[in-house]
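We call the chains A, B, C and D, going by the order they appear; numbering starts again at 1 in every chain.
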Amino acid sequence: MTASALALALILTAPLFGALAAMLMGRRGPAIALATIIATAAGTLILLVIIATEGAVHLAIGGWEAPLGIQLRADGLAGGFIATTALVMGAILAVAAKPFAGGKTERRSAYTFWPLALLLWGALNAIFLSGDLFNLYVGLELLTLVAVALVGIEGKRETLAAALRYMMFALMGSLLYLLGAALLYAAHGTLDIALLAERVGSAPGDIVAAAAITGGLAAKTALFPFHAWLPPAHSGAPAPASAMLSGLVPKASFYILLRFWFEAAPDLAGSGVLMLLGGLGAFAMVYGSLLALHQDRLKLIIAYSTVAQLGYLFFIFPLAGGESAAQPWAAGAWSGAIFHALSHAMAKASMFLCAGLIIEAIGHDRLPGMKGIVRALPMTVFAFALAAITLMGLPPSGGFTAKYLMMTASFAAGQPFWALMLILAGLLAAAYLYRPLALAFALPDEDAPAPKAVSRARQFAPLALALAAILLGILSAAPFAFIQIGRPGAAVEGLE
Amino acid sequence: MIASIFDLTLCLVILAAAGAATLGRDAFMAVVFYIVYGILIAMAWLRLGAIDVALAEAAIGAGLTGVLLLAALARVARKAGKEPASAASVPATTIATALAALVITIGIAYAFLTLPEPQGLQGHVAENLAASGAENPVTAVLLNFRGWDTLLESIVLLAALLGIWTLAQDEAWGGRAGLRHVTRPGSVLAQFGRILPPIGLLVGVYLVWAGSKQPGGAFQGGTVLAAVWIVTIMAGLMQAPRVADRALRAALVIGPVIFLALAVAGIFAGAFLVLPPAHAGWLILAVEAVLTLSIAATLAMLVFGPPEPEEKR
Amino acid sequence: MIDLFTIVMTAAGLIFFAAGTLGLIRFPDTHSRLHALTKADNLGLGLIALGLAVQVPGPADLFKLILIWALAILAAGATAQLVARIAAPAGLGDDEKAQDGGSDGQERRRP
Amino acid sequence: MVLSASLLYGLCGAALIGLGLYGFVVHRRLIRRVLAFNVIGSGIFLLFGAAAYRDPVAGSDPVPQAMIITGIVVALSATALALALIVAHARLARSDALPEDDRSGDPDEGRP
């Protein structure tokens, strides 16, 4: 019974045990969530230490080696995502402890929120560790069902319509992914990512499978042509749920895309496909930013910002995918996109939590009502500003490190278009995030009702998340080296 | 083996039933044709030598999905009150969609026809079958070689139920699940509800017990047991359980909890979810029994739906 | 000889099924359609089951075959009764010309 | 090329996928779209199962069979949640189509 086996067991099963216990004992959700946070955080720390010292951890579930059994693989990339998920989920569940507290009589939303949130965490951990395409499918399906339920948890007409729209896209996405996985197994006799890397050629079956998998996962990551469901869904859900939905859920399907294109079928992608993915990402970035500019509800601005920020995650494909994987700048572009994914998860979750606290204080999230909110909620507005810095990509935040890495890589690759897009993204983000901040510091009009007080302890959680996103930029050397561990073709000298 | 006339006709009938189910004008007829289609697909699975899948398709694919569709149709008709025009969309889009669907079908068929010669895992499974504790290779894969998939899958089922309970109305929370069934005592349904359960229980438990040696298993057996519970409640012999009922929640959760505990216990015997070959046999049976209980309870609660407010029940 | 018996029995069963389906299409109102369906199909099923019974290897499988036949008959009978109780008095499913008024069908909410 | 049974069922599965895809896109009533989703799903599984039975000597590969059973149960869970969402939405919105589909199709519909 090695330490790595214990760590993996804790990370995989603690959230699931917590969810099942919360489903059994209706009113002790917050207490069970606290116990789950402690257990999973412990497992995460042990895993990070093991990966940092001994390199990537490999575990054959049930003792069955590939191609028969399911392989778990915890490399730097997986460790980074699991650590970020643990941090973000800890902050979210801390803030959610009050609105979804278990009172004397059991309330519907207070009962179902906790198992759903812990199932979401368990599904994320299962996806980040799995090395088998069908196991990723089951994890993704669990994640999607829980996310749809979280969108519809408030039961209003618009949120149910948003949840239904999300469900329709998600159903089609999982079917396409399933079709791809079925064709790959039929052709190669295995769905293990490491084995597929040796066996995937460019036969028509593999091309159709890759197209289906990419289409399915793009629908789940709300890449441009399939983004319509995201803004109403993420803004309709309650704030802690929106933080999970925007910060973590799309990262899981993006993570599977990375595993597929960079590890299962590294040289299958022609430059055309990679350019298409990058182009769609650029279009999503511009489209999301412009729409965020003229929303008048805070949560809708943040939701459209997610569409934009997810867009330029896809720049990783033209810069580091396909044949250019062996180029020196590929590691920089790859690491830049991962930094962006991690810092966006923290900053976006923090921003949605701040929006939740502001809604608790003034009762709604229409921008005009936010005038002078800084007097009532100084810590929250400060956290919102820090998160905005990360999203805009200003130094010293993690977002800046990500942009810097990707821009140097795009100049080194001779494709300055992506660098231009990154600069434009920063400017547009500054534009649409400036409006709420300006209103927060403006003078409140006299007749505005006094905002209700929100306890300081709960304001600390989004602040901690925003600070973590900034710290990711300041101490970026250690995380940069960490996510290189176990990366295929780790050409480290990309940073010069 | 060479495609016989029977296979050809079965495929044509399957396509005809699927066509009627997707393109028919009336929704109720579409669902009826979907159930017929599901049974025909189950027969196709028999021809493909996959008996476990045929059982699952007939029980879950055709049976339970059909019941869910019929129940949804009835509830929407009551709540939406009227029939909005069905596929009266603009002809231009229908032709474009038809062409796109045709192109995708040809692409998939071409990909299927140009698959390299088969590299199945029958050999690997056969070699390790003795150490897996089950003689039926499919059960060995489901509960041992790829046990982690099955564990996550039972939690997906529970997540769907949790999602359905989330959609209940606040004032109905804690109440009885689904609509109340008005059945005249002594009517045919009441008699049917008394005769069927014993046979259903016998068949369900047999399916689970036979699962380790012949086709069968927790999901197929669980579905039969769920059907028995649904019929007893429809026959008015029992009331649908309260959502807040502690015993119900324990039954829903017991399967995945025991399987998870077994998975964690596995790390002391080597790695995550290891079933030591010496005890693998009875461990698989124990897990299947507990899983069947949870699956039967979850599937039945899925059919009953969220708790309804008292006066509307 | 055994095979000949099976072929004859199964053929007879199929003829009854065809007759039942013909009745379903041709008869005007629900009552007669149900009548045709239940009579012909149950008899057809019985004949096919009998035809197969001789092919069955052991007594256990014979018992399973009988159990299947009994369940099918039980389900068909119960369902036909329920459909008749709901549809017939309210004139649902009858052809237009054979529509008879009066619907005292007792209100019953399906699940 | 002799038409083996698995080839025939594979092509039948591909045809079902195309048919279901058409139904999923064309229908505006959500229950019909969920039904089309199930048709596509069973088409994919039929394709997968046919590919697993291409050489009758070795028999049907048990690993795809297990994956298909898992897939069927996952598809049932998604269907159950989708149908419950449709019913809950119909209770509030008096229609079983998405808002954008409902209004555009029936201009005469006096939707509140």
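Basically, a contact is a pair of C-beta atoms (placed from the backbone, for glycine too) under 8 Å apart; a residue touches a chain by one contact, two chains touch by 3 or more.
What you see is a predicted model; the values in this text were computed from it and never measured.
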Chains touching both subunit B and subunit C: none
Pair joined by the larger number of C-beta contacts - A-D, B-D: B-D
Length of the line joining the C-alpha centres of subunit A and subunit D, rounded to whole Å: 28
Distance between chain centroids, defined by C-alpha means - subunit A, subunit C (Å): 56
Geometric centre distance via CA averages, subunit D-subunit C, whole Å: 30
For subunit B paired with subunit D, centre-to-centre distance based on mean C-alpha positions, whole Å: 14
Of all residues in subunit B, the ones touching two or more other chains: 71, 108, 112, 115, 118, 120-121, 125, 145-146, 149, 153, 156, 159-160, 163, 167
Where subunit A touches two or more other chains, by residue: 68, 134, 138, 141, 145, 148-149, 152, 155, 160, 179, 183, 186
Sequence positions of subunit C contacting 2 or more other chains: none
Contact set on subunit B toward subunit D in their complex: 1-4, 7-8, 11, 14-15, 18-19, 21-23, 27, 30-31, 34, 37-38, 41, 44-45, 47-50, 52-53, 56-57, 60-61, 64-65, 68-69, 71-73, 75-76, 79-81, 84-89, 93-94, 97-98, 100-102, 104-105, 108-109, 112-113, 115, 117-118, 120-123, 125, 137-138, 140-142, 145-146, 149-150, 153, 156-157, 159-161, 163-164, 167, 217, 219, 299, 302, 305-306
Touching residues on subunit C, where the partner in the complex is subunit B: 67, 71, 74, 77-78, 81-82, 85, 106-111
Contacting residues of subunit B [partner subunit A, same complex]: 107-108, 110-112, 114-116, 118-121, 124-125, 128, 144-149, 152-153, 155-156, 158-160, 162-163, 165-170, 173-174, 244, 246, 249-250, 252-253, 256-257, 260, 263-264, 266-268, 270-275
Footprint of subunit B on subunit D - complex, ascending: 2-23, 25-29, 31-32, 34-36, 38-39, 42-43, 45-47, 49-56, 58-70, 72-81, 83-88, 90-91, 94-97, 102, 105-106, 109
Subunit D to subunit A touching residues, read off their complex: 17, 24, 30, 33-34, 37, 40-41, 44-45, 47-48, 51-52, 63-64, 67, 70-71, 74, 77-78, 81-82, 85-86, 88-89, 92-93, 98-99
